[in-house]
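After this come two complexes, each holding chain A, first together with chain B and then together with chain C.
For the complex of A and B:
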């Protein structure tokens, strides 16, 4: 598709341009003003305010109180964070969580959509089941999983005949939270990847069949390259979603045991709305912002090389 | 048709306006609380009764504000401009913050003005909210931790179902008899189990007659500056118990807070547990006829500990709105909420203590006690403690409590030794206190 090229108007020629009035000068900015007002109030101002707060210690009402510390140019909050083991543990946990969830959600979404791409009896029911997690609130799912994963009366332990402490054992806690998050994300992955699969032209499969390609060959040589823009989009969405995961951690483990599931977003919540230390929370947010920025840049440079737009 | 409709609407509006003018305007006050579920329904009923009794004079608008944490955060956010409510329920560990904020109107002021007799309030409950002889807030929903056990399991294991374990030596001894394993050696029932709840840690400091923080346990003129449980050995003693229980395979870890432990006790998977007195009613309801529940005092760490429990739960705070009519109305409302009949109803619905001794004479209370004799243990325990074990006051208590829970996990997961746990925990809480004192 190249719709944006079609509606380009031919350049005006021949008539001399009138002299620019004051109105002409400000006109484009007037059009931009509503967008800037919205972005300014909800994005730019909070962002500037976060940077400002991150150089302070706040009082019990959350007001910036003590510039922390002048001899370190107000960077003490950052210095404290970057030199604390707990912060790095939380960064590590976040990365583990994001990788597991982003890839897990993608793989589950891909498998489920491949399973429902052909028509067979019951395919609608299967599709609905795979898409269902989209409609489930993460808080409600977390409460249900809390009961399912309960160490002594949980359904899972009873079914498996095990005595695993799914959320209380540091070896399992991150895994349990990740599985729940993957399941929650699988619905949206399923919907987008299914839509992507329907857009792959049938002629490609036909000519591949004539050439004698088997299912796996078609999958890896036609399907996956054809839906690579969708997969790329889904990976980004999954990564953003994983970075923002909160309610499952809040409800299942509260960041524990120890720091085993203390992802950055949860640590920010803890600092800001539980300990009422907005300064540290703001510093954490800025660091999270930088991390996400770097990841996004990497993703887009990766996109140029590997994603195939037809 | 449309004309007719608009005429009718206009008429309704007019009638509404005139009728509002006709009636004497009642003083409206707002009451914020954090009681969900059955407890919230009880509150709604009590407020409804109050409004009926004071019709035309006072009208209380009751608003549920989510958990205790949510409610105090909302008042923090709103407190900068104007007080969002007239009367507010705040949890025990929010007390120091409320005093420091200066937003509260101490109950003592109203008590002194009216020469209201507060001698009937349980002294061990009032002690918690009294600082420098000033009662800041009115105790309302008070509880202490209690030991609950499965009497039926005790009988099966050949233990006397009338004798509850009194300390951790006995708990371990009983638990070994109560544990059931299947043929493969997997535990089917643990003898003991408890939630990883920072409140218990605080209670055990009091049980050992030790302080949690300096400056008279945070109750002095100056607020606390650091914890003392590291030097006093109090933290070490509690963590050693945790370590012994986990390493000995006597308990399995049941998460932070006590929801999971409660669920495990109800389903019979643990035979002894620790819970608030406020959980009694829901435990009895949920267990039903499956087994019989016994209650005992909150256990000592060592057999010879001589301290006592302190109360937890919430109290009613009057916020300084500057409006005298509303403040007087609020005071009437607070008095109503602690009146014997209302407290007897509250106690029967929830399991929180009746906060006045006079309630013990109310027929409804006596009936409830006869029906659930387990509640007697809670009252005995309350009377057995002393005001000097009223517990610490600390501005950063919510954070400190969360840190205790986090470090308990790091200890039982083998990340830290007992000594390192104590040192690191004290360091982190001290730094929180230091920053708080620096900025406030």
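For the complex of A and C:
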């Protein structure tokens, strides 16, 4: 974008063409400037800063103080994390949570999509209801579930005739948070899987009907194989979404009891805002980023392959 | 013929009935919240599920009692969500316009950079962003809530897709007629891409309205608190008034549900474009 390039342009094109003014040359960058200014300050910079902080001991204001053990290349925060039981407990809890939510969301999405694939009176209402959770904030839903799961006056204990402390009992806390997250994720699962179902060609079903295949036969040999790319994509979306969950943990369990629901994002929050260990929080953030990156790359490589072979 | 019609009626009814169990599971949390919010307090503690009479006291309290300042939370959320929505519509249309219509050096690299931002979960940069914003003295301001969200890769991507559907000749013809790029964008591109812009707007407004973690970190005073923080604070103020808490949830959900009901198509289009980011 330097000045000598401006001089070279007309000679290169040769044809009589309106000479590009300086404004013409910078105009595209002006169009990009607002977006890139925001990306620069609130995405690229903090990302670099997070990597930087993760190699330091920090003070309680988040200032980098000591490059933490140069002999370990500044990776001491990571080493401390990777050798702590508490970190691995948090990873284990996160993975349990992610698997339950990803599969639970998928199953609900699949069932609701299959139930609404045909036309009958009431199907529009049912479809709208199934999609509805996408609009509900996780914080608002968490407050509603706080009432539902209330140990003495909550709906769930009333219906079951139990007195379980759903969010305070280590045996139930992760399960309760997962159920809420599945409820929140059910809408997006329904929307995507329904869209996938609509793309299955009718001819496939017609020829199967002629051959006398029943509903379940058609489901397992036509429907599910045809929408398997959609289901795979949806599992990835569920996994990434579940890794990022925060409000429901903060509002229902605060990561507890003990560390029973201390998923990665909540652990980042705890490190930074309760323990003021910003360096550790930064190292955890980078680990979260790497996990999400690997999952995204797996998705890309599968997508490429399926495009290639189809 | 009549047996055929009856048979179809039975099939239809059967098809709908199959939905009931899941329909109940999905709708019950909201119906229950609504029911508790209008229930006389004594009945909540007698474990009633349906109120014997409708009691709107919780709503009156939420709106008029200054201790809960719900009107302030709603006003704050409207200011923040609307500004973020308009801001993203502007910055994303501009960037998408450059990527779709203009040729310039480094275009491919810059576009890859935009897509790469989708790979970074917001939670991974939130600590560093908090430190930036607090260093600037932006804590407890609208700026802190708005500025970091004034653009998005998803918005740029969504609008670029819709611009690419336009014939490039349209742009060339306009240029030859002496129409400047900003004018071409304002008078042709934006009016023609209204559906995509609507999808982006509905999606961004809803997402901002529903935000929780960032507003929690950067606001402390009730003057700047948004609705989602507001309702979660109700519990801390008065854990005994479960009915008030549920009234708060209903108040906060009404705008979300309205967008869902009246802009369902746009919202779903926006979601499908945004889901890649999760």
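Definition applied: the second predicted complex is superposed on the first by the 244 of 310 C-alpha atoms of A that agree within 3 Å, B and C clash if a C-alpha of one lies under 4 Å from a C-alpha of the other, contacts with A are read in each partner's own complex, and residues count from 1 in each chain.
FYI, a residue touches a chain if its C-beta (ideal position, glycine included) is under 8 Å from a C-beta of that chain, and two chains touch if they have at least 3 such contacts.
This one's a predicted model, so the numbers in the text were calculated from it and none came from an experiment.
By the touch criterion defined above, A:169 lies against chain B but remains apart from chain C after alignment on the C-alpha atoms of chain A.
Contact with chain B, but none with chain C, is seen for A:256 once the two complexes are overlaid on the shared chain.
Contact with chain B, but none with chain C, is seen for A:270 once the two complexes are overlaid on the shared chain.
Once the two complexes are laid over each other on the shared chain, residue contacts for A:59 go to chain B alone; chain C is not touched.
Greater residue coverage of chain A by touch, when chain B is weighed against chain C, goes to C. With both structures placed on the common chain, the touch criterion links A:96 to neither chain B nor chain C.
When the two structures are aligned on the shared chain, A:228 is found in touch with neither chain B nor chain C.
Of the residues of chain A, those at positions 62, 146-147, 150, 153, 273 touch chain B in one of the two structures and chain C in the other. On the side of chain B, the complex with chain A involves touching residues 69, 73, 76-77, 79-80, 97, 100-101, 186-187, 190, 193, 252-256, 260, 263-264, 267, 269-270, 395-396, 398-399, 402, 405-406, 409-410, 413, 415, 432, 435-436, 438-440.
Those residues of chain A lying in contact with chain C across their complex are 1, 25, 27-29, 31-32, 34-36, 38-39, 41-47, 49-50, 53, 62, 108, 111-112, 115-116, 118, 120-123, 126, 128-148, 150, 153, 155, 158, 183, 186, 188, 191-192, 195, 237, 240-241, 243-244, 246-247, 250-251, 265, 268-269, 272-273, 278, 281-282, 285-286, 288-289, 292-293, 296. Across the complex, chain C meets chain A through its residues 11-12, 15-16, 18-19, 22-23, 25-30, 32-33, 36, 44-45, 47, 49, 90-92, 94-95, 97-98, 102-105, 107, 110, 113-114, 117, 119-132, 134, 147-148, 150-151, 156, 181, 206, 209-213, 216-217, 228-229, 231-232, 234-235, 242, 245-246, 248-249, 252-253, 256-257, 259-261, 264, 267-268, 271-272, 275-278.
If you check the complex, the residues on chain A that touch chain B are 57-62, 65-66, 146-147, 150-153, 163, 165, 167-170, 253-259, 270, 273-277.
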